[in-house]
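Once you scroll down, you'll see the structures, which are given as C-alpha cells.
Across the two complexes that follow, chain A remains constant while its partner is chain B and subsequently chain C.
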Partner chain A sequence: MGARQHHTAAAAGSVDDFEYNWEKLQSAIRDIHLKNTGSLTFEQLYRHGYKIVLLKMPERLYDNVKRFEESWFQEQVIPPIFEVISKNLVSVTLGSVPGTSVVDRRAIGEKFLKVIREAWEQHEMSMNMIADILMYLDRGWSQDQSRPGIFAATIGLFRDHILRTGIQADGNPPCTVFGILNATIIDHINMEREGDAIDKALLRSCIGMLESLHKTDEELEDEKLYITDFEPEYLQKSRQFYKAECDRLLRESDASTWLRHTQRRLDEEAARCLTTISPITSDSIAKVLEEELIQSHLEEFMSLDGSGVRAMIDNDRTTDLAVLYQLVCRVDPDREALRKAMSNRIIEQGLEIEKVLKNTDFSAPQTADEGPAADGGDKPKPKTLNASAQQTAAALRWVDDVLNLKDRFDNLWSNCFSEDLILQTAITKSFAEFINTFDRSSEFLSLFIDDNLKRGIKDKTEAEIDVVLEKAITLLRFISDKDKFVLYYQKHLARRLIQQKSERQDVEAEMISRMKRELGNTFTSKFEGMFKDMNISKDETEAYSKYVRGLGASDEKRIELSINVLGGNNWPKEIMGRQTGLGGQERTDAAYPREIKALQESFYEFYCKSHQGRMLNWVGTLGTADIRCVFPKIQGKSSGPLSRERRYELNVTTYGMIILLLFNDLPEGEWLAFDEIQAKTNIPQPDLINSLTSLSVIKATRVLLKEPPSKAIVKPTDKFTFNREFVSKAIKIKMPSVNAANKVENEEERKETDEKTNETRKYIVDAAIVRIMKSRKELVHSELITNVVQQLASQFKPEINLIKSRIEDLIGREYLERADAIDGKPAYRYVA
Partner chain B sequence: MQMDDDASTRSAYQRTTVPVIVNRHYLISYPYFLHTPSLSIPFDVIMAPEDNSEAFSKDPFSGLERFLLSTDWSDLTIICEGRELPAHKVILCSYSPVVAAALNSNLKEARTNTIEIQFDLATVCCMLFYMYSGDYDIQKGKLSALGFNAPKNDAKTGLTRGSTDTTEISEGSSVLNSVQICRNGDPEAPVIQEILDHAKMNKIGDYYQVPALVKMSNFMMDSILKSSWSTKAFISIVNDLFESTGDTEWQKMLASHVADNIVQLGSDTEALAQAKDLSPLTREIISACADRIQVVEASRKKSSSSTGLGSRRF
Partner chain C sequence: MDDSAPSRYITLVSSDDFEFVVLRDAAMISPMIKSMLERRGPAGMSLLEAQTGRCAFPEITGQVLEKVVEYFHYWYKNRNREDVPDMDIPVELCLELLMAADYLQLDSKS
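Then we have the complex of A and B:
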C-alpha cells in the first residue's frame, strides 16, 4: 500500500511537471509555426523535452505533438488548399480534357501547386525544428518501442492529412489531393513537351516533397511517395504521350525528322530529370522513350523510301546515320536492324558495280566509250582499245569502284558508328560476300596490280605507291579463293619479269613482302622463287658471255645471248610454252636455224658445267631477238626514203626471228605459204598465227606482205613475202606481240584456269583430310568437314560437295574407312 | 629552418591561450595520448639510422587538444556558471548532435553562437577534455574549472611559468572546497565524491547524446566499485542517477555489483533504506536474497566439511 501511495503521489507530481513543460513546448511549437522564434532558446526547449522523458512520459508528449499538428492542419493548412482546388483541376485529374484553354489550365494548376508548395515548405521547416528540439524524445524512448521517430511521425502527417484527403466534387467520383497533385504536375510537363514554358522550379519543389515523404512512417528508402505513387503514373502517361507522338511522326514525317526529334526528346527528358523531376527516373523514362519512339517503329522508319537507311547511305547523310546508330545502340546491343540494312546496301551496291562492269564490257568493243556506263572505265583513248585493254580497264574500274565503296563505308563506320566492332564485322562480311560472288575478282585484282606495277606507278611518289599497294592488300583480304589469285598473279608476274615490263623492282618486292605479311610464307614462295630465278639468270648470262669471250672465238657474227633460266615449279605452265597448254598437244621443239642451234648448244654445254643433269627447254614464245635488217633501194625511186638502202633493228619474238630468217633465202617476188612456213619452222599453229600477224598485218611494222592483203588476222591459207618497200621513221622497231597483250584471259583460258584450280584443290583437300585424320584417328563427319574448311580458309573456301567426294575417294583408296557412328553421327577412321 | 617554424607557431599558440592551468603533470601527460605503442614503433624505426630526429619528430602540439579552451579559431562560446568558455563548432558538433541541432536551429544559439550549459563548470570542462582528447580526467577538469575562477592576470602568469601549483589558486571556489572537504571527512567520502563526479559525466553525456562519454563514465564507475565497494557509494549512485539520466547501462553495471556484494548490502538494511529511489519491494528483494544466500552458504560449508570428513573416512 505504501508503495502505491508513493507512486501515485509521484505520478501526480509528474503530471504537473509534464503539463508545465508541455505548456512551454506547445507555445514554442506555435511560435515556430508562426515563424515567431525570436525569443526561443534551443537549450531551454530541449531541456523541457529532456525533462518530460526523464519523467517517463514521452508517449504523452509524442501524442500531444501529433494532436497539435493535426489540429493545426485542420485550422490553418487545409482551408487554403481547398480554396484553390477548382472543378477544372478535378477534371484534369480524371483525364477528361476540360474546355478551358491551356493558358487557363496552367494558371489554375500553378496556383494549386504554389499553395501545396507553401504548405509543405512551412510544414517541413517547422517539423525539422520541432524534431530537433525534441531530439531527446527519440533517444529517450524509441529504443524500447517500435514507434517511428518524432520527425518521421510528424512529417508523415502531411501525407495523411493533406495529400490523402479526399475531395468530393459534385458529379465526379472522389479523388484525393494527391491525385490532383500528380495529374497537375504531369499535365504541366505535357504542356512543356508541347512547347509551352512552365515553372520548373515550382514543379521541382513539389517533386522534392514527394521524394521526402514515404508511404509509411517506417521511411523505407524504396517507399518514397515519388517512387510508389508518382513515378508509375508519370511513366504511364509519358508512354501514352510518346506512343501517340511516334505514330504521328510515322504518318507525317520522314526518317530524318524522326531521328532528330527522337534525339531531342531523349535530351529533353534527360534534362527534365535533372531540372524538373527526379534524377532517379532518368533511366526509366529513357526506357519509355526507347520503347515507344525508337523500338516500336524502328524498322519502318529505317526502310522509309527516300529517307530511310538506304537514302542516308547513298546521300552521305552522316549526321543522320550517326544519330541512328546511337539510337539503335540504345535499344539493341546486337545492332541487328542496322547491321542488316548495312549489309544489304553493301551487297546491293557491290552487285551494282558488277552490273555496270558487264554493261561496259558489252558496249565498249563496238562503240568504244559510249553510254554512261563506260565513262569512268575507259581511258580517253577510245579508238585503239582492243579487247584485252578493255578488260584491263574493266579490272581497274572494278578495283577502284570496290575500293571506293569500301572507303565510303569505312568513313561511315568511323564517323557515324563510333568504330563499332559488330558493324565492322558485318561490313567486312558483306564485302567479302559480294566480292567472292563475282567470279573474276581474283583475276581483276591481279590485273590491277599488274597494271600499276607496269605503268601506273611511273610518276608516283612513295606515298602514292604505298596507297596503291595498300589498296591491293585490302582487297586481297576479302578474297577467299586465294589459290586462284596465286595462279593469276603468278602468270602476270611472269610476264612482267620476262618481258621486263616491271616499272620498279623494289615495288615488286614490297608488294610481295606485304602479301607475305598478310598471308604467310607459303602464299608467296612461288613469287619469290621467280624473282630468284631472274636474278640467278642475270648472273648466268654474264658468266656465259665471259665464258664465250674466254673461248676467244670473237667472230663478228657472234650472237649476243641473254638468258633466263626458269625453274619449272615456280612459273605458270602456260608461260612455259603453248605446246603444253591448249589442246593437249605434244610438246614440239621449233626448228631453230643453224646459227641459233649452235648457240643453244654452246650455252647448254656451259650451263651443264655448273648444273649437272638438267634439261633446258627453249621457250620460243617468250624470248625476243634483235635482228639487224637491211631493206634494199627500190628501183625507180629517186627521192624519199625508198631511194636509199634502209637499215633497221627489229625486235621480234624468237619465233618471229625464225620466221624472218626463212625469208633471207627467198628470191625476190616469191611467196611462202602458211603451210610451208609451218613445216619449215615447226612452230605450233596458234603461235605461228600470232607471230605472222604481228609481222604482216599492223602497218607500222609490216615487214612481210600478206596475200590476200587484209587487216584480218592471218589465216592458214595466206601467203607471205618480204616487204621490200618497208619504211619506218624509227631505226629500232619493236614488233608488237599480238595476243601477248592479252592479259585478260579469254573464255577458254578462264575455263582452263578454273579447271586447273579445281584439280589442284582436289589434292589440297586430300592432303588436309589426311593430315586431320592422321592426328585425330577417328572423327565425326561434320567435324571433319569443319576442320577441313578451317584449315583451308587461308587458301580458299572449299565446297562441301568437293570435300565429300574427296572423302569418298580417299575411302576408295583405303586411306580412310567408315567407323561406327559416334553419338549416332557418321564417322571415319584413319587407316594407317 | 623547420624547427624555427615550429617554435614560432608554438609560441603563438601559447601567447593566446586562455586561462588554463597547465602544470607539469599536464604537460608530461601529452605523450600518453600521442605516443601509443602502435605509433611509437614505426617512429623508432624511422629515427634509428641517423641523428636527424628533429626532421621526423612529431609535433606534440599537433593534436586537437591544443585547441582545448583556446580562443584560436574559436567560433563558439559556451556559457556555464556565468563564465564564457571558448570552443569550436567542428569538434563539439561532431560529438554531439544536440549541440549541432542547437547551432542549426535558427534559434538564439544559432544567432549568437553561444550555448548555455546547465551543468557545473568542472563537468563541462571534463566533457570538453573528452571531446578534444578522447579522454577525461576529473581532477584535470576541476583544475581547469578553478582556472576560470582566477583573475585573468594570475592565470596568465601561471601559464607562462608553467609550474603553477594548485595551492596557489585563490580560495573561494566551491569546487576547491569540495575537494578539500573530501580530503578531511569520512574515509569513504573521497570514493563517493569521485563516483558522483563520474555520475555527472554520465548525465552530461546523456544530455548531449555523446554515447561514448556515457560509456566511459560507466566504465570508470565500474572500476571504482570493483576496487573499493562501498554500500554508501552504491546508494549515492542510485540516488543521483535514478530518473536523472536516460542511460540504462549504468543500472546493469550496478546490478552486477549488487550481485557481487549482495550479502553485505542486504544485511545493511539501514543503509539500504537511504536509497530513496529504490522501491521498497526492491529493497525487500535484496534483503531476502541476501538472507537466502547466507543460508545456502552456511549449509554448503556444513556439507563440504561433512563430505570432507566422509572422504577422509573413505
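Then we have the complex of A and C:
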C-alpha cells in the first residue's frame, strides 16, 4: 500500500520531493565525514535513496554526491596535505637532495605519508558507509546504465582530486602529489636498503591505497594504480640502485662477498614484497636483481683472481660454489658461464697432471723412490729396469691423479651443483678432452689395471676391489681410442695369464664383464677368447698326462708337460713370437733338444686326435722349464757352500733351457761364443740376447759367466761359460725374464704400436665405409664421413684424412665410384 | 550493548509495531540488512540499527514482515540442503511481498 503512494507522489511535485530527500542525505553524509553517526538510522537514509530512485532522479543524486565529495576535498582534505609538501620534499622527489640529511629526509617523508594515509583512511571509510546507504542507487540505476557503482565513482575521486593534483613549487618543474608519494616511498625503501630503520607499516598502508585504487572507475584488475603507476617506477629506481651497487662491489670486493651480498639482497627483496610492498612484485623485482646483480657482471666476478671460480674450485669453497650455482641457475638455464669456467679449470688441471708427470720423469730418472711410493722399492729389482719401473709408476700416478681430479669434481657436482645434468655433461666432456689429448692414456690405464690385478688388490676387501674396478671403468669411458686400449690390454693380459701373475681369476673375469657391460661384446671378445684358451689348455694338459700314463711307458726321465694352446687371433702378435710389424718373415723354429722334440711330437700326436688339421707352433719365449742343476764341489775349498756339491732347481724360459743344455756337454774351462750358441740353437737374436742376459748378468741368478764381465746387456760379441762357483741360498730359483714385465713402452715400441693401430684402423674404416655404402647405395661425401665417424665412435675417433684416403683407396679397388653430385655436393656410389 | 559481541538475535519492527526476533545470521541474507548492521573502521563506526540490534521498517506491514521473517528462517534452515519443498505464499500477499523483497534486495546474490 505504501508503494502505491510513492508512485502517485512521483507523478506530482517530484523536484520538491527530491530536494527533501537529498537534504536529509547530504546532512547525513556530512555527519559521516565528521564521524558523527551515532544517531543516524540506516533504514531512513536508505529509504531516502530508494525514494529518489523511485522518483526517477537517480542521476541527479549520483552527481550530487560526487559534487559534495569534490568540495569536501577542496575545503577539508587538500589544505593539510599541501601544508606538509615542503620545498625539500619536492626536491627529494626530483632527485636533487642537497643540504638534507637522511634523518631529515625521513622525517619530512614520514610526515607527508602520514597525512596521506590519514586522508585516505577517512575517505575510504566514509565512502564505504555512504555507498552502503545508497545501495539502492546501484541496484536501481548505476548497474542498468553501466555507470561505475557509487563506491567506485566516489573512491576514485581521491585519485583524481588528491593524487593527480599538480604542484607548482617555485622554480621546479611541475609534479603531482602522486609523484611525490611514489618518490617518498621509494626513497624510504632505499634508506632501508642502506641499513636504516623505516616505518614499514606506514609504507604498507600507502601501498594498500595504491592497490585499492584503479586507473579508471571501471576498476579493471590489471589497472590498479599500484601496477600502472607505482611498480614501473619502483622497478626502475631499484634497477638504478642495484646497478650502482653491483658496480661498487666489482670495484671494491671479491666474488665471495658478491655472492653472499647478492643472496642476501634476493632474500631481502622477497621479504620486502611480503611486508612492505605487494607480493605481486616478487617476480619482477627478483628479475631486476638477477639482471643487475647477477647477470651484468657474472663473468667478471667469476674470473676474479683469488676469489673467482678458479679459486673456489682449487680451495674447495663449496658454499661459494653452491651459492654461485643457485645464482647462475636463476639467470641462465644453460649455465653457460659456469660451464665454461669449470671446463677450463678441468682441462687446465688435466694438463697440469701431465706436466707434473713429465717433470718428475726428467728430474729424477735414476732415484726410484721419488713421488709414487705406491710402487715402493720393497722388492730388489734389477737395476736395469729402474728407469722403466719408474715410468710404470708414473703411469699409475697419472691414473690416480686423473681419478682424484674426477672425484673432486664429482663431489662438487653432487654437493654444490644439485647433480645438474648439464654440468655433468660438461664435466664428462672436459675430462674426455684432456684425457684424449694425452697420447698415452690408453696404455697408462691398461697398466693401472695390470698393476692392480697383479698386486694392488692383494690385501683389499671386496668393496675396495670394487672401487678399483669402477675407477678403471670410469676412466675407460673417457677414452675415445678404444681400439688402442684393447691392444694394450690384450698384451698386458696375455702376460698376466701366461706368467700366472694374476692375483685372482674372479677379479679378472669381473673386470672383463664390466667392460662388456660398458662397451659391448665385440670389445671384450678377444679377452674372453684368451681366458677360454687358458681354461681349455688346463683340461688339455690333464688329458695329456692321463694319456701318457695310459701308454704305460713309465720312464724315469719322463718330462712333465703343462701346455697352453693359444688361439692365434686372440693373443697379441708380439707375445706369440717375435714377429712384430707386418713383415711376413718366416718363423724359425729353435733347435730343441732331442728329448724335448720327442715330447713335442708326442703331444702333437695327442692333440691332433681331437683337433684335426691344426698347426701348433711352440713359443719359446713364453714357455718355462724347471730343470734340476748340479753345481760341482770346487777343488781346494774346505768350508762354505762351495765345499759341497749343490743342487738347485732352476725355473727358466724354454729358450733358457735350450741354452743351458748346451753347456751340459761343454768341458771345464771352455767358452761358447754368442755366434756358436745362436748357430746351435737357432734362437732369433733378440730372444737370445734376452735369454742370455737373464742367465749371465744378474748376480742372484748368474749361472753363466760372461766375457767380458759387465752389467750391460749381452752383446753378440760376448763369450759364455758355465759358472761352477754359483751359489744361492734358495733351492728353487726363478730366472727373471728380461723385458717380460708389463711396463710403459719406450718411444720405439710406441711408434710400433701406433703404426699397428693405424694399420688396423685402415681395415676397420674400409669395412665401415663398405657397410654403409652397401646399405645406402649412393651417398654425399659429407654424410658418408659423418656416418663413418658415428659407426666407429665406440672404437676410436677416426681422422677425417684417414677416411678420405680410404675412400680413394676403395675407389681405386672398384668398391665405390664417384656418382653425380647430389645438390651440388660430391657423392659416391656403391659398386656391387 | 554495542561494545560486547553482538547478540545472535535482532529485532525487526513492522509499520504496525509488530516485533519479530530473528536469528541475526538468517536476517543477513538480505544485503540491505547486512549493511545496516555493519560496523566499520577501527572506531567501529556504525549507525543506530547496528548499535541497538533493532531495525524498524516503517513501510512494511506486520503481515508482510511475518512472511519475510518466515522466508529468512526457511532459507537459513535449508541453506545446505537440496530438493527443498517450496514455501507457501498466499496469493493476496504476492505484490507486497515482491516490493518488500526488492526493498531488502533479496534477489541479489550475496
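The rule we apply is simple: the second predicted complex is superposed on the first by the 782 of 832 C-alpha atoms of A that agree within 3 Å, B and C clash if a C-alpha of one lies under 4 Å from a C-alpha of the other, contacts with A are read in each partner's own complex, and residues count from 1 in each chain.
In the analysis below, a residue touches a chain if its C-beta (ideal position, glycine included) is under 8 Å from a C-beta of that chain, and two chains touch if they have at least 3 such contacts.
Since the model is a prediction, treat every value here as computed from it, not as a measurement.
Visitor: Looking at A:Glu252 after the superposition, I want to know if it touches chain B, chain C, both of them or none. Which is it: first, second, both, neither?
Guide: A:Glu252: touches no partner chain.
Visitor: Looking at the overlay, what does A:Tyr50 touch: chain B (first), chain C (second), both, or neither?
Guide: In the superposition, A:Tyr50 touches chain B and chain C alike.
Visitor: With both complexes overlaid on chain A, does A:Asp305 touch chain B (first), chain C (second), both or neither?
Guide: neither
Visitor: What is the contact status of A:Asp334 with respect to chain B (first) and chain C (second): first, second, both, or neither?
Guide: Touch partners of A:Asp334: none, neither chain B nor chain C.
Visitor: Which partner does A:Asp665 reach: the first (chain B), the second (chain C), both, or neither?
Guide: neither
Visitor: After the superposition on A, what does A:Asp132 contact: first (chain B), second (chain C), both or neither?
Guide: After superposition on chain A, A:Asp132 lies in contact with both partners, chain B and chain C.
Visitor: Scan A:Leu40 for contacts with chain B and chain C and give back first, second, both or neither.
Guide: In the superposition, A:Leu40 contacts both chain B and chain C.
Visitor: Starting from the residues of chain A touching chain B, keep only those that also touch chain C in the other complex, and list them.
Guide: Residues 2-3, 37, 39-43, 45-47, 50, 129, 132-133, 135-136, 139 of chain A touch both chain B and chain C.
Visitor: For the complex, give me every residue of chain C touching chain A.
Guide: So the residues of chain C touching chain A come out as 15, 31-32, 35-36, 38, 40-41, 43, 45-51, 55-61, 96, 99, 103, 105, 108.
Visitor: Applying the document's contact rule, which stretches of chain A touch chain B when the two form their complex?
Guide: Checking each residue of chain A against chain B gives 2-3, 6, 37, 39-43, 45-47, 50, 53-56, 129, 132-133, 135-136, 139-140.
Visitor: Which residues, counting only chain B, touch chain A once they are in their complex?
Guide: So the residues of chain B touching chain A come out as 97-98, 101-102, 104-110, 115-118, 207, 209, 243-246, 279-281.
Visitor: How about chain A: which of its residues touch chain C in the complex?
Guide: Answer in residue numbers: 1-3, 35, 37-43, 45-47, 50, 121, 125, 128-129, 132-133, 135-136, 139.
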